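Next up: some structures, all given as structure tokens.
Both complexes shown next keep chain A, but they swap its partner, so chain B is in the first and chain C is in the second.
Here is the complex of A and B:
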């Protein structure tokens, strides 16, 4: 490989992500655009496990919810500076996914899926039970967005939709670029190898369970961060966010968009939130449309919507790039 | 006598009511090419799976250069220098040839996998070494092709290249010519002959011509037990072996 390619990819990627973040609020209400970016972080973090690790988790909402509760609790009760709730969400996601992941990776296939699902349900009922922290069924209310400030700068009120959107967009940009880099790093390549053939990876001297556990933690950290932003978005952390349905939706989101690189889940998040945001107001049965969309994509566009873009790029003469590594 | 590179003591593997490996005691001398032959279902691959700790043995001991590894996990055994190629081709299909070799090289040269920030392809020395290793199996013209694009025979060569990239002290080759055409078998045989003497090799093989030409010692396995061991000539003459394996 040409050693300049990673640099060119980084520039191209940053430009594309910035363009996505800049154009979205022109096409839809900023609130929905912000929700898309938050969902995109969630979906990209999930794709680290699904697409790159081959770990079909149906329990990501647990980390999303825990991250959101941790951040939301701090924002509702204490007036802490803006980085604190974000770091709390991130750490909560990382720690909880380390604990839950350590159990789940002991099994593979359907048993792995069932474990992630079971833990998600447990966390949901814990959230349901500890209502003095989580608000139970009513959701965690009274969340206040902290003002955003940097040293030598007048603090910005994040209750202003534009400022809040820019804040979310900046975190989106940093998170997704970090995930892009992680999947291209030595760690990312070893993770892809464990997806391809775990036994072979062990026979080359890697501890497969350790690689998978680290993947879980990274995914959980970014998922928790997304959860923290979600708690800010509507000033409430609803219990639905931690329900396993939310885990299912994020898996669909990833599959619709495509798992082969991190742009896939972003496209998926756009489609999912857009369908939800627009059709839910017109028609209460909007998940039917979403279901139809999933079926169409799975049947006709294997590899997700991103595959269409790739084919298009192929037709335009760009050489298709190999592999998901 | 020198410490054997691999020694097993009364190794047993029980699967339900079936004893796939039944009290195997084997010594592989350092620097030799030792082959294990035997009919299908004799327990040869299971024995390999025990040696690399893919399964834990039911009882018995495994000793690698004088050290007991019976209780170690598979990746720890690999780190002690046991390199293996599998009977069913085990390459990373959706990765390029260079990336396949890279996974093995990185473990050996860079220790661990906790590097998240550097682009994996920016390490020039690993890239060069990957190309060099692929040239040993004559695949260096296709370093950026996906493994899945290779023919079955070339995938086997790639797998051996990946195993060599770990710089093993002992090579376990599980039917390296299984499913190969006549020409492909020839090229793998030539490779094995070239590796002989540079590595200690324990090989499972079905094709008698491959085994007899190249092996220093041959062990014969039948129904989970070793029924004979000796030089290729001695084994070929052994009446019990002829009865069990050659069916005459």
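Here is the complex of A and C:
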């Protein structure tokens, strides 16, 4: 396998991602489209751990929530320029995932999963307890989207849905391209190798735990960034976003889209947001329908649905698929 | 702050800790046998609590309520294993996790559908009401009962696992699955029964909690988090690690309540951090 991705593939990929971002708002309300792109960043970041690192995290919502709270707090209390809350969300995600990751990656398998879950709930109860910062159960309210401006440009009001969508789409494009770049880098190859055969990787002189920790941090950083965007989306950061169920939803999103490349989670995000919206219009008890859907998918159509989307993702991802899986 | 208060909170902590231990013990058995983190464990606890509540209210017998809570949770657990988890043991691990996630989502909503979103409470049966004089302090009789009942149940399950033939099968199933199967033991049935036992213990913990904290629709989630933390503190080396870990969590939580009640839940996690810093594998974990 050629370690360098050919330029043609890079262009094709960028064009495809741009097309996804451009076509989505034509098919649905811009708000829903923006939510899908935000969820897609979250899911792609999670896929770095689940699909590439083989690290089955059930605690990714912790970083999503922390990123959202950090950004949301700054936007609600101070009128800072637009890059500040985004960078705050990103850094919050990176730092918190470095700390939590340092504990979790020391263990493998089921203990790892249970620890990620426990840390997720630790953050949840912290958010619940420190309500003067997070708003507790009521959520962090009063978030104001900062105006978007660049030097020599008239600032754009992001409360305009179209401007906000373009803003989200640009960050989506940059984030997903960066994640693609990361998984194709030498680091990404080593990460996949730690999934396949950690002992072999260690015998080649790499530190497995360091590779996994860096993956945790990268994933946490993009997750925190997605959280920051989510806080802007509805001008509120709800505590549900940091609940463990949110971690479960993102695992489902990643899995239903397919884990073998970064297009899968994007498709998964579309399916998840659409399903959630669909079920919630049917019935107030929509998680029951959603849970039943999850159970039916994993029990009866697991091969079918995953295969279907894998093929679809294969069509979209072209030759990258072979390299990633 | 008086010494009496500390003693009182210590005893409270032991009672609550025994409930946590009971809950996490069930989680440990399921984890040991099937190697899965049971995300639906909180739902089994809530099912046990609500069933116990309803049966207690209809019949007036708390004992019957506890029994119903155990039996219904165990049956629900066995059904989930038989028709869900058990069918997926050969497929990718992530599917098993997601199945449990889906089941947890469903059960939580089913509980709301059946019992509604408003909470309810019920006092303990008459002979467990009131307080006893322990010399240092007056102490609620029901909390003593929780400690004794949880200890009795855990001892009974210990006896079942360590001293009976069925227990030997379970231990064999935890240690060497293939070998157990090769010896002609029906491992599928063993998994189903083991899952039912674990779920039933969660249901019993729920039933015991009813006179203490009442029933609420969200009670399962809170307890699920605690059960996971307790198992993490206990480590995965032994299914009994959950018992000292549960006591630690309960005692830490109760003692912190004296100084900062609002931090009591968060402190359990601080205890987890402390234990993991000291022993990354948990209290009774193996390296």
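The rule is short, and it goes like this: the second predicted complex is superposed on the first by the 282 of 325 C-alpha atoms of A that agree within 3 Å, B and C clash if a C-alpha of one lies under 4 Å from a C-alpha of the other, contacts with A are read in each partner's own complex, and residues count from 1 in each chain.
Convention: contacts are C-beta pairs under 8 Å (C-beta built on N, C-alpha and C of every residue); 3 or more make two chains touch, one makes a residue touch a chain.
Given the structure is predicted, the values throughout are model-derived calculations rather than measurements.
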First, second, both or neither for A:180, with chain B first and chain C second: neither
First, second, both or neither for A:298, with chain B first and chain C second: second
Which superposed partner A:252 touches (first chain B, second chain C, both, neither): second
First, second, both or neither for A:202, with chain B first and chain C second: first
First, second, both or neither for A:167, with chain B first and chain C second: neither
Contacting residues of chain C [partner chain A, same complex]: 31, 35-37, 39, 84, 87-88, 91, 93-95, 97-99, 101-106, 108-110, 112-113, 225, 228-229, 231-232, 235-236, 262-263, 265-266, 269, 272-273, 276, 280-282, 285
Complex contact set, residues of chain A against chain B: 1, 3, 5-6, 181-182, 184-190, 192-193, 196-197, 199-208, 210-211, 214, 218, 322-325
Footprint of chain C on chain A - complex, ascending: 50, 56, 58, 103, 106-107, 109-111, 113-115, 117-119, 121-122, 124-126, 128-129, 244-245, 248, 251-252, 255, 285, 287-288, 290-295, 298-299, 302
Interfacial residue positions of chain B with respect to chain A in the complex: 52, 54, 73-75, 78-79, 83-84, 86, 90-96, 99, 102-104, 106-108, 110, 113-122, 124, 127, 144-146, 162, 166
